[in-house]
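Here you go, one structure.
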Amino acid sequence: MTDFTLETFPNPRPGRRYSITHVNHEFTSVCPKTGLPDFGVITVRYIPDALCLELKSMKYYYLEYRSKGIFYEAVTNKILDDFVAACSPLEMTVTTEWGTRGGMTSTITAEYKKPE
Amino acid sequence: MTDFTLETFPNPRPGRRYSITHVNHEFTSVCPKTGLPDFGVITVRYIPDALCLELKSMKYYYLEYRSKGIFYEAVTNKILDDFVAACSPLEMTVTTEWGTRGGMTSTITAEYKKPE
Amino acid sequence: MTDFTLETFPNPRPGRRYSITHVNHEFTSVCPKTGLPDFGVITVRYIPDALCLELKSMKYYYLEYRSKGIFYEAVTNKILDDFVAACSPLEMTVTTEWGTRGGMTSTITAEYKKPE
Amino acid sequence: MTDFTLETFPNPRPGRRYSITHVNHEFTSVCPKTGLPDFGVITVRYIPDALCLELKSMKYYYLEYRSKGIFYEAVTNKILDDFVAACSPLEMTVTTEWGTRGGMTSTITAEYKKPE
Amino acid sequence: MTDFTLETFPNPRPGRRYSITHVNHEFTSVCPKTGLPDFGVITVRYIPDALCLELKSMKYYYLEYRSKGIFYEAVTNKILDDFVAACSPLEMTVTTEWGTRGGMTSTITAEYKKPE
Amino acid sequence: MTDFTLETFPNPRPGRRYSITHVNHEFTSVCPKTGLPDFGVITVRYIPDALCLELKSMKYYYLEYRSKGIFYEAVTNKILDDFVAACSPLEMTVTTEWGTRGGMTSTITAEYKKPE
Amino acid sequence: MTDFTLETFPNPRPGRRYSITHVNHEFTSVCPKTGLPDFGVITVRYIPDALCLELKSMKYYYLEYRSKGIFYEAVTNKILDDFVAACSPLEMTVTTEWGTRGGMTSTITAEYKKPE
Amino acid sequence: MTDFTLETFPNPRPGRRYSITHVNHEFTSVCPKTGLPDFGVITVRYIPDALCLELKSMKYYYLEYRSKGIFYEAVTNKILDDFVAACSPLEMTVTTEWGTRGGMTSTITAEYKKPE
Amino acid sequence: MTDFTLETFPNPRPGRRYSITHVNHEFTSVCPKTGLPDFGVITVRYIPDALCLELKSMKYYYLEYRSKGIFYEAVTNKILDDFVAACSPLEMTVTTEWGTRGGMTSTITAEYKKPE
Amino acid sequence: MTDFTLETFPNPRPGRRYSITHVNHEFTSVCPKTGLPDFGVITVRYIPDALCLELKSMKYYYLEYRSKGIFYEAVTNKILDDFVAACSPLEMTVTTEWGTRGGMTSTITAEYKKPE
């Protein structure tokens, strides 16, 4: 996963503070404890600075997790870190919502704000 | 698209600060990456100054995007810029909501405020 | 339309600040651009001062628009102006919501406040 | 209607500030303009002081309107005035919601606050 | 209204028995008793034979009722008769649903079957 | 109530077997046991023969019950009998649904079929 | 409970086969096993012959169960038997639906048909 | 009812400020005016201090009202007073919602706060 | 459009009678009357025989309509004919639902059954 | 239950303040008063510090309550205490919602905040 590059394109309106939200309804990774697949909904909301995340490239990025063993908490934070690294936004929030495991459902939310 | 002219008509009540909202449920453009069509819902809300946007002319303006390759972020900001240029409102917000692509849905929101 | 008189009756409780809301679900006028009919829902909310709007008279007032060519923005502001002129309320808000035209739905909101 | 007496009973807990709400789903009066019946839902919410309104007596009070010609605005304010006169509450709000007339539905809200 | 001609076009698939439904959410006519407007939703469902009803022409046909005084029952049957005369379908059902009048809502349904 | 005459008008399409439904959401009569008002929703569905029931006249017919003491079962059957007598339909069904009394809600349904 | 008499009144339309439904949303009796109260919704639907059940009398009949220890099955059948004995209907169905006990909800249905 | 003792048990976590809510869907008492039963839903929310209300004991406490004639307002305040007396909470709110009587539904809400 | 080839693949379980449904929420074609775009939802349900329709190929097939002027009725039947020709199913139903035009919404349904 | 150890793993992003929510829809314990099973939904929301709760270990932790007699209030606080002890979060909230007992449903909420 380390060698994958997220594509970006120049923000078409860099001077304006506006928001972009992408919801991935088809995320899947693997539970590092049981080896069983996890299914989640990933919501990414950000205010771009100079760059925007390219949608198709995001899709391929998400596919990288398909056979990766990783905890919910780690996925959430890694996505936030990788997307922040790729497009250096003014603000970004990542929320992950996970299907039933052992009778339990889970939700994780993490935020980033560019230092002024 | 450069030669299309958005029609306006004089605000019937220019001294009053009131709001106008037009929601286009049938917008379509083309993805510049894949060449495949995109489908969106476009919500425009504004407070007019001297001019109002004419509805039928808005419909024809939107039709111009039908075979145009353009990113979500660029559509959103271009609509805002073109409508602001056409009617010079006191305030305007454009929100675009996009159908499922690669399991993902997207929403973009941009705002304009006339300098006082 | 100029010769129609909106009826009013004395506010039965002029000293008390209370609110009155009338929603007309069956409004229709004519598009000045196409000559085709428009259909809308008109919501009027006001705080009366010395006079109240009489309901049946409002119904006949609305009927005057049935064959009148007029823009959404003008209808909204004219209703507000005519009702304010008729009953001189402390406050009044008019909201008009319009059926689909060219794939678009529209909503206009205008407010009045009596100068103190 | 002038000779009807609303019954009250001593507030069982006069020192405590608590709220009482009675919703009458079966109110009917007569339109003074057309002589035809009106149907409404009446919501009364109050904070009692020394007295509470007795429920059965309220029912008989409402029945008095069954053949009385009276405007929505007057009903709403008269109920508020009569109930305030009967039980002298700390606060009271009366809301009346009326069935469709001429394609229009109406809602009136009036409030009372005991002077401190 | 007698001089209006409903347009049709050849059924693109005359040998197949299939159904077409058009729902008009914006129908209005005039009550012959009171002179006041009526508002209804008109649903037309038919199985075409050699001809189909053209949509825009239906819209203009409906507009003819805008200032015509006619009972619900007559509207329903006249639409059925006119549409049957225009396109001679294998089967047709017309349902009309009407807004509140005097506390009452109404629905009329009429059917036609081509004699074999 | 004996002197009231229900108005009818000639069925505009007497040869066709079609259905008419009128729902009165604002019916009220008086309980013969307690003298207190009852509130109901009355649904009348019929297939006309030579005559149709006129809507405004039905409204005035219903108003006759406003101060009449009568059981649910009797109201239901009397409406059916009176409407059948007035317009002699091919078929008619009357359903009455009544508000809560003593924690109970009630529904009565009666039908008529013209003898062949 | 043996000395209570259910009141009836003559069926206002004895020759017609029509249905009457009364739903009691506020029934309560006592569990004979635990001595604790049970709460149920009782639905009675019947086709009257010569007599109808009087509503207020039904209410008082139901009150008799308030401190009576009796199983769900026995309540259901006893109500059916008592109502049949009182008004000798052509048909009657009694359905009882009971609140949660030990995580379980229950429904009992019993029917009667007059022998021809 | 004076001799009944509400049971409590030591708050398992007395130092922590946390909330407990119990909703009784099956409460019944008697109207002091008519002698007829009333049915209500009772919601009790409190923040315990040293003691918690034992659930089964609450159930038996509520049963005491089954044949007691008492007004809605008095029930609401008495439950609040009795529960406060039994467990001396930091805060408590009691809300009672009552079934239809004379076409009216009622809701009463009372609150207690331990003096600091 | 004549030169486009719909792809298929062998039914993986040809002996079993099972159903397949594909819903396209993003269909658009052009009105042959006005030249303006139409937007519809296309639902295809079929029972395969020896072949199944390949999904990506269906997407490209639908894209062919994007600039084609064609009536609702013709689109519906042409899709049915083309899909039947491509995969020769045991049964197929095509339903098309269209956005508001002139206050009207439309639905067309056509079916095919393989001759036995 | 005393010998069970909740597993944790290092917070993958310890410097960031983000939230984690786990909802257990299948919790069961035993009522200490009656010996009968209780069923509840347990919601745990926390902001981790150095450690995260491992999901499978939480499941086994919850299973320990299956034959344990314990009050709602004690379960709620014990879960909060045990989870706080295990992972020492910055903040944690536990909400437990319980099925119907004696006609009553219950909800308990407790919170923890790490001292600064």
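Order of writing sets the labels: A, B, C, D, E, F, G, H, I and J. Residues in every chain begin at 1.
Basically, a residue touches a chain if its C-beta (ideal position, glycine included) is under 8 Å from a C-beta of that chain, and two chains touch if they have at least 3 such contacts.
Everything numeric here is computed off the predicted structure, so don't read it as measured data.
Traced through touching neighbours, the fewest hops from chain C to chain H number 2. Repeated interface, listed pairs G-J, D-E or H-J, reference B-C: H-J, with more than half of the contact pairs matching by residue number. Looking at H-J and G-J side by side, the one with more C-beta contacts is H-J.
In the contact between chain B and chain C, the residue numbers used by both copies make up under half of all numbers at that interface.
For this pair, chain B with chain I, the centres built from the Cα atoms lie 32 Å apart.
Between the CA-based centres of chain B and chain J the separation comes to 49 Å, rounded to the whole angstrom.
Counting partners per residue, chain F has 25-26, 36, 39, 99-100, 102-103 as the residues that reach two or more other chains. This structure has the following touching chain pairs: A-B, A-J, B-C, B-I, C-D, C-E, C-I, D-E, D-F, D-H, E-F, E-I, F-G, F-H, G-H, G-J, H-J. Residues of chain H touching chain F in their complex: 36, 39, 99-100, 102-103. Against chain B, in their complex, chain A makes its touches with residues 9, 11-13, 16, 18-27, 48, 52, 54-56, 58-59. For chain F in complex with chain D, the touching residues are 25-26, 28, 36-37, 39, 63, 66-67, 99. Put simply, chain A touches chain J in their complex at residues 31, 33-34, 71-74, 76-78, 81, 100-112.
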